[in-house]
Amino acid sequence: MRVGTVREIKNHEYRVGLTPESVREMVAAGNEVWVEQGAGLGIGASDADYEAAGGTIKAAAADIFAECEMVVKVKEPQAVERAQLREGQILYTYLHLAPDPEQTADLVKSGVTAIAYETVTGEGNALPLLKPMSQVAGRMSIQAGATALEKAHGGRGVLLGGVPGVLPAKVVVIGGGVVGFNAAQMAVGLGADVTILDRDPNVLERLDSHFEGRARTLYSGKAALATEVAQADLVIGAILVPGAAAPKLVTRDMLGTMMPGAVLGGRGD
Amino acid sequence: MRVGTVREIKNHEYRVGLTPESVREMVAAGNEVWVEQGAGLGIGASDADYEAAGGTIKAAAADIFAECEMVVKVKEPQAVERAQLREGQILYTYLHLAPDPEQTADLVKSGVTAIAYETVTGEGNALPLLKPMSQVAGRMSIQAGATALEKAHGGRGVLLGGVPGVLPAKVVVIGGGVVGFNAAQMAVGLGADVTILDRDPNVLERLDSHFEGRARTLYSGKAALATEVAQADLVIGAILVPGAAAPKLVTRDMLGTMMPGAVLGGRGD
Amino acid sequence: MRVGTVREIKNHEYRVGLTPESVREMVAAGNEVWVEQGAGLGIGASDADYEAAGGTIKAAAADIFAECEMVVKVKEPQAVERAQLREGQILYTYLHLAPDPEQTADLVKSGVTAIAYETVTGEGNALPLLKPMSQVAGRMSIQAGATALEKAHGGRGVLLGGVPGVLPAKVVVIGGGVVGFNAAQMAVGLGADVTILDRDPNVLERLDSHFEGRARTLYSGKAALATEVAQADLVIGAILVPGAAAPKLVTRDMLGTMMPGAVLGGRGD
Amino acid sequence: MRVGTVREIKNHEYRVGLTPESVREMVAAGNEVWVEQGAGLGIGASDADYEAAGGTIKAAAADIFAECEMVVKVKEPQAVERAQLREGQILYTYLHLAPDPEQTADLVKSGVTAIAYETVTGEGNALPLLKPMSQVAGRMSIQAGATALEKAHGGRGVLLGGVPGVLPAKVVVIGGGVVGFNAAQMAVGLGADVTILDRDPNVLERLDSHFEGRARTLYSGKAALATEVAQADLVIGAILVPGAAAPKLVTRDMLGTMMPGAVLGGRGD
Amino acid sequence: MRVGTVREIKNHEYRVGLTPESVREMVAAGNEVWVEQGAGLGIGASDADYEAAGGTIKAAAADIFAECEMVVKVKEPQAVERAQLREGQILYTYLHLAPDPEQTADLVKSGVTAIAYETVTGEGNALPLLKPMSQVAGRMSIQAGATALEKAHGGRGVLLGGVPGVLPAKVVVIGGGVVGFNAAQMAVGLGADVTILDRDPNVLERLDSHFEGRARTLYSGKAALATEVAQADLVIGAILVPGAAAPKLVTRDMLGTMMPGAVLGGRGD
Amino acid sequence: MRVGTVREIKNHEYRVGLTPESVREMVAAGNEVWVEQGAGLGIGASDADYEAAGGTIKAAAADIFAECEMVVKVKEPQAVERAQLREGQILYTYLHLAPDPEQTADLVKSGVTAIAYETVTGEGNALPLLKPMSQVAGRMSIQAGATALEKAHGGRGVLLGGVPGVLPAKVVVIGGGVVGFNAAQMAVGLGADVTILDRDPNVLERLDSHFEGRARTLYSGKAALATEVAQADLVIGAILVPGAAAPKLVTRDMLGTMMPGAVLGGRGD
């Protein structure tokens, strides 16, 4: 099969669909691999690196969309890219269609076979291609939140871990899955006062056993959520709505109960 | 010198002023040691054990009060004991005179030289003879508090460490000295949500560094105390008033702000 | 369906079969729910709370037993309650029939369809309705045991965690399931010297990995049990005999080998 | 004495020299306290709060500089403030004179008696008024560094703690005092690969014992520094040069050996 | 069935195929058990212990090979033992045939039915009979490596955990299964600087969550391995090649990249 | 001053009195430094390294003993070295004179001024030059003990940390100073069952607080020692007898009570 990867054009996206190492493995498996010029610069991989791995460098993304049977990307195709997709082609990337009807319509119209990383499902309903992104999102949500709480960034001037004699910030993590666990680990590591809400007794038990008092677990319900969010300095929304961008943001009706100045964290892939 | 020890007569006191091992050392140092019959039974030491250590068994406490130059005890002398003290004699025991004017008057009248363990002071203002009792008191305060919170004992039906999905109890420890540190260790060990208040920045720093987020530290002041105590399920008063029974109980004006049902911990020597 | 819940009448039982929140969900699902007057007082839920949730308050338990298709309780029905059960009715509660032939006979005679919480089985043979009770039982067993070891409560005068220079108490936990794990966590948290016995290599490995030396694991057998129990200050029996009250008490033939004064822990639902 | 505090005018300074609580204590001790209108807004204290505490609100800073015997501030006086200082007056604030000859000259010329918080020295050469700021600086340096390493902020795109399968960032902390210890705690908490350099064997021993392998300690020397800094993703300069802003930045000759893209942390009071 | 066990004759093998306790269970299940004289001495079990358990002592291994339907051993049969195996007989022991063609040929020729412990497979592809040996091997590999690094044993003179001010040794564990996890636990416990490589994201996630920064996890690949091994003081090969001795040694082509003096750990069953 | 350092000639001694870095500092301070040819090879420092640091290489130790005003070494001078010492010269090295009357006599006869590192005393009676060696000795004692317990090395076949289902070894550390603390850290890290004995309440408290139940502390006395040593698999003698080799070995009269096969650890400088 002829497989191609293009330079990502969405703002602040430095990743690339295929690394030189994955090109090497694909070529070894009998495929031909085309790579757009400069596609790997964001991760420090030069065109020469791709060529050494057996890839062929192409000057323009258009060549790849036109000639490749499968296009491997990171982010959802932008409008200019969607216009080049076609029937009989496979698109392999993160899509997050749920909140994006325009993209969905374009994809349907193009006739492409689109596989969304975030919906590839493994044993036990695990999402193996989403998980690494969720780990990153969970960990980054806390450093984003910590920065947002600084006075110089418009926050309440609260340090997540406090200092001796000054109470730490209260961090409420809604959802104890991959994002929530990773966020809680970082928040605990910085010394914050962390509560994780979830509705699955097995998840609550696993978190309780892992943190052994360093973070608290709470069975989630309307009342529990309202109470906790109202006291929080930082709320991390970590609930996956399948197909939507993960982690989902805290819903609007919770916001009314939050303290003025509380920071709303959560960053999707 | 002729030294004597008597059987403790205060309710629930099982300790004894001299163990067979201390008798052996005193005799080796050239002293004569008299021991009241059965004085060591509470700690499992028989009269024969004392005799093997070089002590002499006496049938009655009266013999010891009458003939010994120094009497070594555990608890403050009871009225019947105080009547037997006399000028020229040394009494070596815990006294806690501050809240006990009646005892103070009797001791003054007797002419005895009374040395209170709790006021013997070492390097850096440490209280080496009080410290072991404070360690015990701090540790026991939490198990006493945990029991008092059980519904069957008239408490609020709160488990200190909660369970997965149920928040732990809030424990507020007032004072971060020996009692407070030991209480906090036990409360943290049971998974409670622990805040320690103190006014000494060095104490707060040491506790913050020790617990690293497992317990919170808070600079104590009227407002901080009122806020914390009002939310507490269990309050441990761990402030030493020199000369008074340690740890001192939470003062009455704090009580007004406590939640109904909160348990007031703290056990002195 | 018409569902009802009654006030628990067994001594020291403060729980209730249906909370206002569960009433709300049941009503939303199309059921009618009857609640005996005052049924929720032990958990702080008033009759008004139940009415707000859509329930109907009934003056007497007899109304509920007579008219409801399903009765939801906490504890096994007492003799006076069993007399009111009838064919065609569902009883949903903890039963623990194994050690209770009298109750078993009454239930059979009544013709009721009785579903015991403690035998509802989920994936992997888990017991999801028993587990929360086992978590509570395991955690409380240690605070019950700590109290029982106090001299003032007739114990040996041993503090679970010792103090600096004084060895901690030896706690032996028989069975590494939910009760045993939770008991071990609390005992470790208090600084005790903890050994957990089990016969399942996977359980032993999981515990060894969790505690990393803070508690010891030992493959259980007649000899190992005898040795460990003989040295213990506190024994927690945490073996589930399906259908019987959990955790099962240490069997009589172990008792012969215990040290005088050792405390026998273990509290069932 | 008449004591006054003014609104801080340096950019991004939200603190204030006297809180309402300190005003209350000063007034109780027999002083008169003047407060510039709006001085406490940055910490959420209104003029009314100060009046309730016994302070007198003044419309302009000029009144306070003109009439108060002691002026209590946070930051070093700005040029416009220095012009109002006068002989016989006490200025109590952070000064950091070492890198600031212009301020020094103005202060000398004014004849004011200036006491720099950062040089007030307690037992064992401790700096009790600098320490809380150093705790904050050390903790914030890591969240500043984490943010600076994000690709979107021009960094190398490295997450301090990595994720499973991706190595964490290397953090080198130069100096194991208050700033360095607090920075290391946060970096360790986020899962970074942390090395702390110092030249004092007692400091190295205390850090080694505290972190027990979670952070490494290294005796600092020219060669050790060069090697460590060359491999670092984030360097925290945490060496106090008495009188200068703490923590001192990494010196220029270290910079030559750093990896391109490494982030240089460190924030003074 | 008549079952027998013989004294192990391979150098430094002190274990035995059947303990007295397993003999007791086998006899209770209706089998006859023969035991070679002195077979249990290495584990402290006398012939009398076996007789008390219901076994029959035989003077020579030859009797057992000749008359027993199943022979239970620990190590692979040595040449002299293989000559006595015969058709219709079951041999139950560790075999590790992969690197041992000579043994394989002899077993085939003998017609014995040989069951290798290391290939008995349980749920989820677990190897329940190999696991305990892997736990021991993983834990011992670190103490073997620590000793090999001592100067007096020809090593580089590096202490695994360093001391305050001296960096710890770098330990690279290749493979995060049972051997690797146990090796990493011990290396971390001694304060070493530990990296674990694996290719299974679930394994990497589990290890990352367990060690929380105390050991690093790295996705394994040719480049990652080369880089890590080149910096290592100690390399633990912990990859199972099914059927071969576990843990497999580091392959020769890695060795070229190692630092001179690096120690190669890893001990099979 | 002219300072010299010689190659160490005692068996298995790879250290050297002056590193190139210390030579550089001494020269910078105005001294002349002579170094015997090859003196630094054991630590990987060439003659060229010393010359680059400002030292002068001398072919023979005799030149250095004859001409230098101060000789800096590591180990006590051997007989052939002692013969070259002379009045007016300073010898700066570890001496450990207490158990070595022959060396003592030679030193006295030579008229040299000998300064023993191990007796240089700092603030609070600390021994700053002995401490690093004690840290090494304490840490190595455990890996030496672990190896000695292996069956292949003549031990009891006990793994310090056990494995899941098998109890760990009991390690008794006599003395809670630098050696004892470091030994306990390593033993705890390997998962052993560790008890530390000491007679200083402050030491016991500090250890108890550091280990929080991972190691036990016990007030040392004749009876406590006898009981603990009798149950130990490994005994670490960690008591400093000032002037003697540290750590002192366990005394002979304890040995009578040890279990056969117990290993006696402890390694001096």
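Should a chain be cited, it is by its letter among A, B, C, D, E and F, assigned in written order, with residues numbered from 1 in that chain.
The rule is simple: contacts are C-beta pairs under 8 Å (C-beta built on N, C-alpha and C of every residue); 3 or more make two chains touch, one makes a residue touch a chain.
All values reported here derive from a predicted model rather than from experimental measurement.
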Any chain in contact with chain A as well as chain D: B, E
Interface composition of copies chain D and chain F: same or different, split at half: different
Pair exhibiting more inter-chain C-beta contacts, D-E or C-E: D-E
Intercentroid distance (Cα basis), chain B paired with chain A, Å: 55
Separation of mean Cα positions, chain D and chain C [Å, integer]: 54
Between chain B and chain F, centroid-to-centroid distance (C-alpha), Å: 42
Numbers and ranges of chain C residues touching at least 2 other chains: 132, 135, 161, 163-165, 185, 188-189, 191, 201, 205, 209, 212-213
Chain contact topology (line, ring, star, complete or other): other
Chain pairs in mutual contact under the definition given at the outset: A-B, A-C, A-D, A-E, B-C, B-D, B-F, C-E, C-F, D-E, D-F, E-F
Parts of chain B lying in touch with chain A, wherever the complex brings them together: 161-168, 188, 191-193, 195, 198, 201, 204-205, 207-209, 212-214, 216-219
Sites on chain C touched by chain E in the complex: 201, 205, 209, 212-213, 221
Interfacial residue positions of chain D with respect to chain A in the complex: 12, 14, 42, 132, 135-136, 139-140, 143, 146-147, 150-152, 157, 159-161, 163-165, 182, 185-186, 188-191
Chain A residues touching chain E - in the complex, by the definition given at the top: 21, 128, 131-132, 135, 181, 185, 189, 210
